[in-house]
Amino acid sequence: MNILELAAQNLISPAILFFVLGLSAAFARSDLSVPEAVAKGLSLYLLLAIGFKGGVSVSAHGVDAGLILTIIAGVVLSFLLPLIAFALLRVMSTLSVIDAAAVAAHYGSISIVTFVAASSVLTTAGIAFEGYMVAVAAAMEAPAILSALWLVARAGGGRSDEAVDSGLMREILLNGSIVLLVGAFAIGVITGEQGMAKIEAFIVAPFLGILCLFLLDMGLVAGRGLRQTRGLLRPGLILFGVVMPLSGATLGMAAALLIGLSTGGVMLMMVLAASASYIAVPAAMRVALPEANPAVYLTLALGVTFPFNLVLGIPIYLALAQTVTGGS
Amino acid sequence: MNILELAAQNLISPAILFFVLGLSAAFARSDLSVPEAVAKGLSLYLLLAIGFKGGVSVSAHGVDAGLILTIIAGVVLSFLLPLIAFALLRVMSTLSVIDAAAVAAHYGSISIVTFVAASSVLTTAGIAFEGYMVAVAAAMEAPAILSALWLVARAGGGRSDEAVDSGLMREILLNGSIVLLVGAFAIGVITGEQGMAKIEAFIVAPFLGILCLFLLDMGLVAGRGLRQTRGLLRPGLILFGVVMPLSGATLGMAAALLIGLSTGGVMLMMVLAASASYIAVPAAMRVALPEANPAVYLTLALGVTFPFNLVLGIPIYLALAQTVTGGS
Amino acid sequence: MNILELAAQNLISPAILFFVLGLSAAFARSDLSVPEAVAKGLSLYLLLAIGFKGGVSVSAHGVDAGLILTIIAGVVLSFLLPLIAFALLRVMSTLSVIDAAAVAAHYGSISIVTFVAASSVLTTAGIAFEGYMVAVAAAMEAPAILSALWLVARAGGGRSDEAVDSGLMREILLNGSIVLLVGAFAIGVITGEQGMAKIEAFIVAPFLGILCLFLLDMGLVAGRGLRQTRGLLRPGLILFGVVMPLSGATLGMAAALLIGLSTGGVMLMMVLAASASYIAVPAAMRVALPEANPAVYLTLALGVTFPFNLVLGIPIYLALAQTVTGGS
Amino acid sequence: MQTHKAKRVEITIEAVMEQRLTAALERAEVTGFTVLPVMGGSGRSGRWSREGQVTRAAGMVVVVCIIRPERLDALLEAAFGLLERHIGVVCVTDCEVLRANRF
Amino acid sequence: MQTHKAKRVEITIEAVMEQRLTAALERAEVTGFTVLPVMGGSGRSGRWSREGQVTRAAGMVVVVCIIRPERLDALLEAAFGLLERHIGVVCVTDCEVLRANRF
Amino acid sequence: MQTHKAKRVEITIEAVMEQRLTAALERAEVTGFTVLPVMGGSGRSGRWSREGQVTRAAGMVVVVCIIRPERLDALLEAAFGLLERHIGVVCVTDCEVLRANRF
């Protein structure tokens, strides 16, 4: 299948269309909304399911040498990407050092929903991938935050010397998403296929439907964010929100090829590098860099890069991964 | 199957019994309750599922000429029914013009849960219906509100000249339920059977069970409403709450026969005409006719007509639809 | 299978591991949490499902003479166990009369989640049990509260003469959990296999998965409770939290053998007698014995006895039930 | 605009006692009140939080009553009868209201 | 610490009117407000509770605005225009704030 | 009934800062506080709302402390240290409490 066909097929999947519905409803100022508790419940489900499935897959195929290497590569990428993002932002935008560093932190980290959407595209297409990629996702959440704080400290801004108190480090490393993802992964490894047999009807069958409902909410939130901050996103920033994921994906692809991941693994590594956090990093930024404007980083990550990755990025990354690995 | 058997079978379906359980728990002043966020989550699910299923069915069977005609008929009914309801109320009750108009608006509009319950009775009985009926349901939500405001304006009451600001019209037309119903319908049309295959396990399999849980909550809410407003509902009003749905159903049947809908389609049109809104219209009334007493219209719609339709109306309408169409 | 194998197998079931994950996350002070509304929604689901399944099973196998006898036995146990618990506490701890009585009330009553976990172990192991055990569970919730208040009155404490106003008795008997459990049981009896066929995909298939998510939350709550009250639980109290369920289970086993329940029935009766309430009884204690310290009884029931029963108690009780009934 | 003196009474109380408090308020002829949810708190009986709470027993609510100054004592008596044995806080503030005839 | 006199205005209003109220506040150049959820309440139109509510129509919210004293009248006019026909309560309290330049 | 003068301090603060604020309050020996949820609001950093929020970062909470007047300054110092760099509002009101020994 060529890249256009893939993109077209991706575009008319229910998941993408529910995201577009949410976006449109928000733009039209409909009062459609998903209660906060329900949205949080759905995201707990997605983390639990994706983590557990990854763990079961590792327990079935065993851990090949790639696991450690891939995690190291992920961590290095997470440290590195904010530096690239920061450099791009200083050229492409007029953001202050603090705002630019805060945005950069988001792009070094990852968006787990983009990962979930990408892995469900792989599953639908029948393309296998390394189950331990969810562990890599978890490992990539935090390092970017340190890079960003170092960027600020270097520029002498933001009192970042006292910013990273021990409380913050614990909060970042033990934030709920990471703990549930890694915990469910571990439980999947321990209980294996036998555990999967017990809870498959909950974990696997309704997964795509629940993803649709969750993406509806993401569309609503992203749309409301975009509507409330119109004017804030100058062309340069919007361009950054598209160029940066493509740069990240390229680096992710290089790393994945060096390690020798499968087609699916290469694609997921690209997705991780390309996606921008909107959960763990924004919270950390509010604590450590309160002077940075949340409207900038949230709108960019959630309103520009997330939709770009979801709608166009995923088929592009998949097509590239298939080309470079010679995968079908 | 004759009408009594149908009613009996309907009565002992889990869905009806969970509604009765909710009603009884509320009357007995149990503290059983469904959190607001969960109730809202369940209703999002029902709207998404029923809309999507309707859309997929349209994509499979094609749109016959009936779609446009049926929507027009629905809109006309929605404009018309409040006038009949208002006339009946002026005769049968001592409600003020404003209260009567507010009640009338509810009966011109529709109750989507009654529609969902009716369509699941059809599905269980293996009776097909036009998938576009969910679009008709959406189209019937709003017109009744305009009729009711016109009734008030004609009587010189309620400052309704300024009542329908442009904000209110947008709120009514883009209220969350309509947007999700129509959006999911459109996504169903676009993605068709292929989309259904992906999310069937979420949309179809657990549907009836989730409806049970939702009806439990509806029973609790209706029961609490009835208990708190005892004394308010005079016999004349209660009688109206039963006579009006039967009148609406008769008109709905006539319209559906004129258009030539299938047995299932006729029955659903009756249900739409017979049911009374308890989501979109109450909210609109609070904004446009704040002087109308919400206890009257909410109790009548939710405490009298909704249970009547659910328990007795649905089997009656089905039996009639089968008789008049010669359907099995 | 011997008791160690059973315990080991129980230990590596996803449900137990998610509970352990929740406990660990709480101890590590992660911010992982399940929103209150979602936790309540999950518990509504579990009550509805377990009640309904019990009812369907009764409708299939008929009610044998055991039902009435077992309920009577359950009620007697619920009255009796607090006296034993109280006596043990006066010996093993330095709790005041009021605190000891409040704790005792919890151990006479039952924990429905422990019951749910135990019955899912039975289902997985393919061991049948009497469907009416859920009715027994409901009947055992309340009597213990009266025993505890009597203990306080006898000691002249706590103004318990005025404590049990009629409002409180109604609240206890009609508390949401009991009403939903008994109501769903009755609906299961009425609609039988036919009703089950309609909602099986909601009630049965995802059950274990939802239990996992719920136990994750229980682990978080229990862990936070333990962390916040460290120092409060002296060794004597912790010992009581383990000795009391074992004593309860022994009495429960004796009663079940007298009545002649099946292997599964004996095991569930042990579980009911061994488990401690953390929903109905704490609420009643806050109203009737506000002077009793909630940290003591909640931590003991939720932080000590619940994990003990879940992890070690259930396999022990099952092994014993198999031994004494000669069940396989 | 024309405003009128009134008292704002804020009662923080266990959720299980809410019904009993509002019934007592109604008996004391308090004409209106508003109930606000509470996420967590801390006091002599320690820290608690609503997140992941599985039991009704541990939550609290805030009941706010705005009343005419002359009705304050009746309200406090009614509330105090109930609160005496229970945890909870009562806080009274002077305030001004529009539409005094509603109170 | 240095504090400054201000007014705390608390408006209890139907949830369906929230958008219209906050728009009116913005037109009256009120620079900030906070919206709190309401679980239930009682007044002349009876008792209501959020639990199990299936309709948007029945809920209320509390909107809290802290403003400089001299801006009170403009705010009350703005709110009153909306509240006249609707149920709801307005309550004004004297207060002190830190960082007065924010109001 | 016998009431006692006290201060009611209401701190509106980002949810991510809640733990740090309550820890600071505890260090300043504030004996009790209550945390209320916030649905949305508006201020210099714009309008926000809790509905459909997927990120912890954007929410706020209100922390209410009732304290003896003489302890006010210690509390404000503690809160201010934290709030200086963060968005949020502090509002102090005079109030009367029952059972003064609890504060």
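Read from first to last, the chains carry the letters A, B, C, D, E and F; within each, the first residue is number 1.
Keep this in mind: a residue touches a chain if its C-beta (ideal position, glycine included) is under 8 Å from a C-beta of that chain, and two chains touch if they have at least 3 such contacts.
All figures in this text were calculated on a predicted structure; none of them were measured in a lab.
Colleague: If we look at chain A and chain D, which chains touch each of them?
Modeller: Shared contacts of chain A and chain D: C, F.
Colleague: Quick one: point me to the chain whose Cα centre is farthest from that of chain C.
Modeller: Checked the centroid distances; the maximum from chain C is E.
Colleague: I'd like the Å distance between the centres of chain B and chain F, where a centre is the mean of that chain's Cα atoms.
Modeller: It comes to 45 Å between the two C-alpha centres.
Colleague: Calculate how many whole Å lie between the centre of chain D and the centre of chain E, each centre taken as the average of the chain's C-alpha atoms.
Modeller: Using C-alpha averages as centres, the distance is 18 Å.
Colleague: I'd like to verify one number: the distance from the centre of chain A to the centre of chain F, where each centre is the average of its C-alpha atoms, in whole angstrom.
Modeller: Result: the chain centres lie 34 Å from each other.
Colleague: In chain B, what residues contact two or more other chains?
Modeller: Residues 31, 33-38, 40-41, 205-206.
Colleague: Multi-chain contacts in chain F: which residues touch at least two other chains?
Modeller: If we look for residues of chain F contacting two or more partner chains, we find 36-37, 47, 49, 56, 93-94.
Colleague: In graph terms, with chains as vertices and touches as edges, which category applies: line, ring, star, complete, or other?
Modeller: It is other, because the touches fit no line, ring, star or complete pattern.
Colleague: Got a list of which chains touch which?
Modeller: A-B, A-C, A-F, B-C, B-E, C-D, D-E, D-F, E-F
Colleague: Quick one: which bits of chain C touch chain B in the complex? Just the residue numbers, please.
Modeller: Touch list, chain C to chain B: 35-38, 40-41, 44-45, 48, 52, 170-171, 174-176, 179-180, 183-184, 186-187, 190-191, 195, 198-199, 201-203, 205-206.
Colleague: Would you tell me which residues of chain C are touching chain D in their complex?
Modeller: The touching residues are 33-36, 39, 43, 159, 167, 217-218, 220-221, 224, 228-229, 278-279, 282-283, 285-287, 290-291, 293-295, 298, 302.
Colleague: Applying the document's contact rule, which stretches of chain B touch chain C when the two form their complex?
Modeller: Residue list for chain B touching chain C: 12-14, 17-18, 21, 24-25, 28-38, 41, 124, 205-210, 212-213, 216.
Colleague: Taking the touch rule as given, give the residues of chain E at its contact with chain D in the complex, in rising order.
Modeller: 10, 12, 36-44, 47, 49, 60, 62, 73, 76-77, 80, 83, 89-94
Colleague: Going by the contact rule at the top, pick out the chain E residues touching chain F in the complex.
Modeller: 1, 3, 6, 8, 22, 26, 31-37, 61, 66, 93-99, 102
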